[in-house]
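Once you scroll down, you'll see the structures, which are given as structure tokens.
Each of the next two complexes has subunit A plus one more chain, namely subunit B in the first and subunit C in the second.
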Partner chain A sequence: MKNRVLVTGIGLVTPLRPFAGAEAFWDAVCSGEDAVRWMPPPLIDAGRKWLMAGIDITGRSEHVCSEDKILFIAEEALRMAVKDARLPEDRKSGLSVGTVLGNILFKEKRLMEGNPHKTKNSFSGESLSNINSFLAKTFNIKGGCITISTACASGTDAIGIAARKISSGEENVIVAGGADVLSDFAVMGFHSLHALTEEKVRPFDKNRSGLALGEGAAFMVLESEKHAAQRDAKIYGRIMGYASRADANHLTAPHRDGRGLVAAMSQAISEAGIKPAEIDYINAHGTGTIYNDRMETLAIKKVFGDAAYSVPVSSTKSMLGHSFGAAGAIETICCLLSINHKKIHPTINYTERDPECDLDYVPDIARRSNVNTAMSLSAGFGGQNSVIITGGI
Partner chain B sequence: MSEMVISGTGAVTPVGIGNEQLWDHVKNGVKGVRKTKRFPTLNEIPCAEITDMDFLESIVDRRMRRSADISKYASAAADLAIKDSGNGPFSGTDTALIMGITHGALNYTQAFHASLIKEGIDAASPLHFSDSVLNAPAGNASICHGVRGPAHTILGGAETAVKAIILACMMLESGCVGKAVVVCAEELNELSASCYLRMGVAGLSEGAGAIVVEKRGTQGFPSHHCRISGASSMCYPSAPETASAEVITRCLAKANLKARDISLIMTDCEIPAGLSLDGMPAASITHLTGNAFAASALWQVILSSLMIKNDTIPGTVIRNGGAIPDRIRHIMVFTSGVQGNAAAVVLTRE
Partner chain C sequence: MKPVVTGRSVLTSRETGPELDKLIGRLKQVRFVHDLELLTVVSVGKLLDEAGIIYPAGNPGLSIYIGIDDAVEDIKDEYFNNILKEGMMGASPLLFPYTSPNALAAQASIAFDIRGESITVSVKDFCRDVIKYAVDCIVQGYTIMAVAGLISISPDDAYSAEFLLIENRNSALRRGAKIYSYNGDWMNEYFRFD
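For the complex of A and B:
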């Protein structure tokens, strides 16, 4: 990054202690709490349940309907981040939001009711950039706003692109992150791909059998070093490097050798101006599918060489499930919290070593570790691979 | 940004596919919007459709033969732009693909839900799911052309086209890639057509546009279309008029230009007052091509680059009585939306 980009506020709403703040979330993941439960899909009467990690918003707001859920949790997470950063009310900042499915629940309700032709009022809420516009209006944001969709790497790319904008001097402050909620489209879609586990989410375990879907929202306030210094902001860390690379291989399957992830890791490390061995912790994409975890392990080995065996790797998704566009933002926040607390959260449900996944996955128990530099990996449909490197000050 | 050039353009529109056909048909005022019975539940409505599907089948990668139309349009437009730039190869990690979409592959989304309702949970098609995901057109286009740099999708209205150009320029300036293909695409769909009709918006359209953006001097041959001399975007839902005025002001400042330097404004929107743009000639091709949102905005950019290259403004696109200059120097493409989004880009003759 040309100019330093600092993180001065964080906020997240996840299935674990959803509205209790970042520290409570961190306690939960470091305790290895499992948010994944048997749940029905939001709308369709499927006559069965799937393992998912949901956020209960009952009683939080009388105005909240299920379609509004994404707006509600995104607003809560963004409010937390802005409050944490102690940004002034009259702010001129940008907004960068990552989402995979956005407010598809609005459209989905119409489709599932078999009533595709409805009023214009509901349609305006279906606009794909509606989350961004809603947040910009709610927080009176005036600046460059972008809604980015790079499948399950959306949250990572929203933060990475925001960091680039600040680094280039285009903006001084950007609130960046991601949000997605459970929908029938996602549940049935992943069901059709046979990607959902019928058991526990066990990333990197020999007996892993698939992923569990989740939901959430996470945002962080990014600032230029000068702007943060002028207002004496609290600093969580900095964005040291970011890269995104495509596999150009298959729409839903990762490249077997992880070529896109290797390229993204290498580029991000180069941009950070460090060597692979200087990375103290990797927050993996770690979905729990056979192919992803094997590919990710292979890619880490290709980039890190022998050092791959000494760097701790853990999966937040083992506890939260896969929250699509929010995942990358949540996991980048985990990296920052690792740096601040000098602690790494575990990969839970890990019981049996897979010969093809033979790295240190921090099984089941959190670990004290002198983390100064951390790397978050994300991958997704369309052959997306994105990597963010965060560091202490 | 002053170092960025458009070195190739490709258009898949209802009034013409490819630069030459688009230019000829626009000059002759060929209209793509006509009454169609494409959607049985909507009776006859005015829409602009892509009809030359044989062309698409021949130009698009065979692996994409079952892909959603939006992915085919996007890949075909990218192919045309890449060929027009003549500066291959575009495969590998040195190229970015930035996609702008407004509604996405709604036909497959609709089909996915229809099969769920009619046939049950085990009948849903994995193809309808994966091709409905919002970044599927970008993913398919990156696979089709072997693009292994960043493949990003930006969501939003017409302003998304300019945001995609800005993101491409930012990537090029940072040095993380050497070339960028900006694509915007849309497909006609019953759901969006019916809702827009209720909102009083007729003449929806489909297709895609693509441009190749490179740093000046890096392209292998000298004949690029024009330079991107300035661009700006802003979201300010509390005061949309302020957003419009500020993006134009900032865009001019970045291009180091005064309002009077602009030869033509390509826009479908009201031009903000008080910016010395009164009486400026304004133009648009939307009445010919129909409205495909982000794709339409990129078609405006493509036509602007062709106007600069040919030093001609077709009379069929002029919207007002502003005096046409003898020589085209700078064209501004400006968009603004109801949610407080506005964006502008200035293209300049070298």
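For the complex of A and C:
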């Protein structure tokens, strides 16, 4: 990054203590709380339940109907981040939102009611950019707005792209993050791909059997160093490097040797101007699927060499499930909180070592650690691989 | 140094047949399940041919930046209507991955072995933000070449694709590429050619 990009506010709504703020969230993940439960899909009566991590918004607002859930949690998370950053009311900031399915429940409900439409006349509520428009209007955001949809790397890319815009001097302040919600659409799709676990989410464990779906929204305020200094802002850390690389291999499966992820990690580390051994913590994509966890472990070993065995790696998804476009933003916040609290949250449900996944996955118990530099990894359908490196000041 | 345009392709979903024939035998194997991804792959192939880029590229310096409007909603409608008709059995594992908007860029990256960045942006009719971001990425050195453009649905319900190959000028000069000149349109904000 050419000019330093600082993080001056964070906010998130996740299935763990959803509306209690970032510190309560951090206490929950460091305690190893498991948000994954047997749940029915949101709208369709499928006659069965799946393991998922959901956010209960019942009673939160009389104006919220189920299909507006994504707008509600995104608004709450963004409000937390802006309040945390103590941004002045007359600020000029940009907005960068990552989402995979956007307001998908709106579409589901329309189609369930038998209401067809032609896309040119579509209800604006279904457009991916609807979340962005809603947030920009609600928070009077006057800068550039962009919606990124790069599958499960969307949140990471939204933050990385925002960081580039600040680094280049194009913007001084951008609120960036991601949001997605549980949907019948995704449950049925991942079920059809046999990707969902029927047991616990066990990233990197020998007996891992798949992922659980989750939901959430997470945003952070990114700011140029000069702008932050002028207003004496509180600083969580800085974005040191970001890179995205395509596997160019398969639409749903990761490249078996982690080609794209290796390239993305190497580029992000180079951009941060550090050596792999200087990374103190890796927040893995860590979905709990056979192929992802094996590929990710292999990729880390390729980039870090022998140092791979001494860097702690943990999976937030072991507790929260996979929240698509929100995941990368939540996990980048975990990296920042690790730096600030000098603590690493655990990978829960880890009981048996897999010979092919032989790194230090911080099993079950949080660990005190002098984390100064952390790396968050995200991967997604289409061979997306994105990496963000965060550091202390 | 300002980037330059070294290729351009404009195509609709009604014109993909003959263009696909030209690509046969040169693509990595891909399966097409929807008109949108066929259009994307064929358009990017036409663009790379036009720009003189040999593929499979295997090149991390070549990236793809695609803006997509509500055209992607058609795939989602088709997928979810099948679920409503047939229940869980209607959830197609073949169609589901294509409901993710990035699947179009991904299919192109797979077909032509494009290994740089692959970024999909949600837009409404206008690809200015996508082109601008691609240009910024070249200027700042995050990529050397970029396939950048828009997939959209037109008023007559066909899909259309418009792509540019944008490139670091040194790279274009080194490989002897044809350099386009544009006048009098929105791209002048980014491309002012000598």
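In the analysis below, the second predicted complex is superposed on the first by the 387 of 393 C-alpha atoms of A that agree within 3 Å, B and C clash if a C-alpha of one lies under 4 Å from a C-alpha of the other, contacts with A are read in each partner's own complex, and residues count from 1 in each chain.
Following the convention adopted for this analysis, contacts are C-beta pairs under 8 Å (C-beta built on N, C-alpha and C of every residue); 3 or more make two chains touch, one makes a residue touch a chain.
Since the model is a prediction, treat every value here as computed from it, not as a measurement.
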Side-by-side fit of subunit B and subunit C on subunit A, or clash: clash
Contacts of A:Leu95 with subunit B and subunit C, given as first, second, both or neither: first
Touching partner for A:Ala136 - first (subunit B), second (subunit C), both, neither: first
Most subunit A residues touched (candidates subunit B, subunit C): B
Subunit B versus subunit C as contact partner of A:Leu128, first or second or both or neither: both
When the two complexes are fitted on chain A, the stretch of subunit B hitting subunit C, from 23-31, 167-175 or 239-247: 167-175
Common ground on subunit A, meaning residues reached by subunit C in one complex and by subunit B in the other: 2, 44, 46, 100-102, 104, 107-108, 111-112, 116-120, 127-129, 132, 144, 146-151, 157, 161, 164-165, 168, 170, 184-185, 188-193, 244-252, 259-260, 263, 380-384
Of all residues in subunit A, those that touch subunit C in their complex: 2, 44, 46, 100-102, 104, 107-108, 111-112, 116-120, 122, 126-129, 132, 144, 146-151, 157, 161, 164-165, 168, 170, 184-185, 188-193, 244-252, 259-260, 263, 380-384
Touch list for subunit A against partner subunit B, complex: 2, 44, 46, 48, 95, 99-102, 104, 107-108, 110-112, 114, 116-120, 123-124, 127-130, 132-133, 136-137, 140-151, 157, 161, 164-165, 167-168, 170, 184-185, 188-193, 243-252, 259-260, 263, 267, 271, 380-384
In the complex with subunit A, residue positions of subunit B that touch it: 41-42, 91, 93, 97, 101-104, 109-110, 112-114, 116-117, 121-122, 124-126, 129-136, 138-140, 142-143, 145-157, 160, 163, 167, 170-171, 173-174, 176, 190-192, 194-196, 198-199, 233-239, 242-243, 338-341
Residue numbers on subunit C that touch subunit A, as the complex places them: 58, 60, 64, 68, 70-74, 76-77, 79-81, 83-84, 87-88, 90-93, 96-103, 105-107, 109-110, 112-124, 129, 133, 136-137, 140, 142, 153, 155, 157
